[in-house]
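Each in structure tokens, the structures are laid out below.
There are two complexes below, and they share subunit A, which is joined by subunit B in the first and by subunit C in the second.
Take a look at the complex of A and B:
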């Protein structure tokens, strides 16, 4: 069953067409990656699905139901959670409060409590720092906390925006291990990445996105074959793109 | 006039200013709104006391409470929510406009002359303790300030609405993305600030027994000065600023030669300018808006 179905979505910021007539979909339990350079419109797409950025046109369906006019709160309620690119943990709240606030719409206090314990066993570093203000965490810990906070909502669709951005490789490994575990547990995941190699290691399918459009779609195997990704991304020899995604060259 | 006497007077005046400053500081902390209409929450409450003159006093206070909380929530729903994402300058001008509108509406209803009401005369009567003259209302002002400041600190730091309020204050968009109903949280902040305004109204009217449609303005101005001195956005800073301005006012009242008395406010504001020259971000500087209390 189609979990998420985005058809002909257009998002405009001022005079900039960030997302142009884009269509993507995600099946139940699937992990799908959106790969592309900076400014390709990946983050705008996520934020539009989450409801904090308005769409100019197009439709967004969640399990067949049109959520295009639903409020952010309703979308969170129907199972959409975001880990934004900037992480946006609440620096002045304690680690514990950051996790609690992830469960803002849940009414099952007892289960929330066991879920928090689960987060602490998933990320032991957070357990050690539960009473500290989240602003004092390291970049990697903040990423863990942002993921933990999103998971506290028990999302059916988890959207992760560049979870490896600015992290040391060893921390990125840990983040991707976590994503692999979540995938195993059946959560549908929409993953935005610049690092195609990383994304291919975990996703079932990927879209290559450039200048607000989908330019290529397929399984990691198909895309890795014959340098299709490089062709799509560098075919028009955009110097800026080469500079921002050196990892893609090693994707084969 | 002993030092202790002066301290009590300063603390009671300062308490009133501190409560006003905290009410203003709370709304600023949560949504970045410099709410000039805050003085009107205080003013409209006084006229409820005028209309309920003769009622058993707890009933009158309850009437004020209900009316002012609804009034504050309505000002948010009807006015401030409409411009929620506007830049701070716009918000401030809107609150100015609302403030004037309410004042002149009250001039229309009640006239611009001073009206008086004999509300709880017992508590403004003084009593003597060891040579000190203490008015009951002074003690109430000090007590109410301490209790309400402490209660608010506990509320913000240790409750669910408290941490949600801090989250909305720090990052409203992310707060929405985790499912926090920010309109409800903002309404809670308005209701709390209204509760503080009611306390100020009741104590002020009990003390002075008089009101005009304009009396909220001077209190608001002093409240603002207190929040700025304390460090805009820091609630303990607001309380401290309120007490300091109160102390300064009382001190000037006693020490200034009679010829200079009419210019007392000028001295207060001059002192504020000096404080801000030395500490441009206020006495308690904060990086984000709603700091832990």
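Take a look at the complex of A and C:
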């Protein structure tokens, strides 16, 4: 069953067309990677699906239901959680409080408590630092906290924006182990990565994104053949930003 | 938040400790100072009433991170409401002949005045809050200040009901140090329960990062509104008691603007991010203010007669706020609350000069 269906999505910041008529989909329980260079529009796509950034045109359907006009809060309520690239943790609140905030829409206090304990067993480092201010955590710990917070909402669709960015390889391993476990538990995952090799290790399918468009789609095996990814990432990456004129906009 | 699984008297006591410790300290100070002289007793009452106002202000500012310059309006609204309800009908006929019939005849008990004043202030906060909470940052602060000016001008010119710039007298004076202490304790408790509640936590999340909070599914506007109304209600209690401690009300000479500025300065100096900041800031500025009041009257030190020019107090208040903002933007308490006193063997490892610990 289709979990997420994005059709013809366009996102424009001022004169910059970050996402141009992009269509992607995600089946229930599937892990899909979005791979592309900086400025290709991957993060914009994620934030638009989450409802943080408005779409100019196109439709976003969650299990067949159009959520294009739903607020961020409503989308969280319908099971979408995003871990943004900026790792939006609440720096001046404690680790424990950060996790509680993730469960803000839930009413099942007792289950929330067992979920928090589950996060602590998943990330023992967080358990050690539960009373500390989140801002004092290391980069890797902050990433774990951001993922932990997103999971506290019990998302059906988890979107991760470059979870390995700026992390030591050993921490990245840990983060990817967690992603693999989540995948096993049946969560649908939309993963944005620049590190194609990492993403291929965990995803079922991947889209190569360049200059706001999907240029390739396929299984990791298909894409890994023939150096298509390398070409996409390093070849003409400089054309990452498409300038739009008013004429082009009205033509859309 | 208190753990629901283990509600024992000792767990509740530990949970309330950061608030109770201040209440106990305030009680001791109040009784000790009131015993000195009637004048000192008045100073204690006045300080406690300001503490209630600061606590009210803190409930909104501390948790939402939005600076409000509008809480003076709730002080005005609530104080006059209580006055209309509690001034004896005989006096109302003489002082406020233009008051409508039903208010003319009301002869309410003090607690009716308190409830009425709080309810009206909360209602006004709800109505004005609905548009205000949609604003953030400086826009919200300017909005609250504009609201204060509007209310202030209305009460200043609404002669038939408020006597305009003249003083409204005849309020029953029933507030002494004990009543002020009880009210202050209740206010601190309300603020503590709110900040440790789920609502308090989620609201602080919007204070730290509004976008991330929204992305976690938090309805920022609704939480701000809840805090705004609660905050206005607590501040209103202070406004009402102030009137019934002085026995007279007036909106002339920017009384409420000055009062509002004083309580904001108290909160900023103490630290806007913790309940301890409320108490520390109020006590600190009250003590400094009192010393300067004496100096303005004139004191003899070693045969030297020192008299400061009138108004030095206000200048000093501004200076304190400025110094706090420059040297300690987080206030004297730096957003920390009192921690549970530890009696463990490794006590010497704890920093002795700062017995506070991160709580929120």
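In the analysis below, the second predicted complex is superposed on the first by the 230 of 252 C-alpha atoms of A that agree within 3 Å, B and C clash if a C-alpha of one lies under 4 Å from a C-alpha of the other, contacts with A are read in each partner's own complex, and residues count from 1 in each chain.
Here, a residue touches a chain if its C-beta (ideal position, glycine included) is under 8 Å from a C-beta of that chain, and two chains touch if they have at least 3 such contacts.
Worth saying up front: this structure is predicted, and the values here are computed from it rather than measured.
Considered on the superposed subunit A, subunit B and subunit C are sterically incompatible, since they clash. In the superposed model, A:76 makes contact with both subunit B and subunit C. Of the two partner chains placed by the overlay, only subunit C lies in contact with A:131; subunit B stays clear of it. With both structures placed on the common chain, the touch criterion links A:149 to subunit B and to subunit C. With both structures placed on the common chain, the touch criterion links A:197 to neither subunit B nor subunit C. In the superposition on chain A, contact is made by A:91 with both subunit B and subunit C. Once chain A of one complex is fitted onto chain A of the other, the partner contacts of A:109 are limited to subunit C, with no touch recorded for subunit B.
Shared interface residues of subunit A (contacting subunit B in one complex, subunit C in the other): 50, 52, 72-73, 76-77, 82, 84, 88, 90-93, 97, 100-102, 104-105, 149, 153. Touching subunit A in their complex are the following residues of subunit C: 1, 4-5, 198, 201-202, 204-205, 208-209, 211-219, 335, 358, 360. Partner subunit C is touched in their complex by these residues of subunit A: 50, 52, 72-73, 76-77, 82, 84, 88-94, 97, 100-102, 104-105, 109, 113, 131-133, 149, 153.
Of all residues in subunit A, only 50, 52, 72-73, 76-77, 81-82, 84, 88, 90-93, 97, 100-102, 104-105, 149-150, 153 touch subunit B in the complex they form. Interface of subunit B with subunit A (complex): residues 160, 163-164, 166-167, 169-171, 173-181, 288, 290-292.
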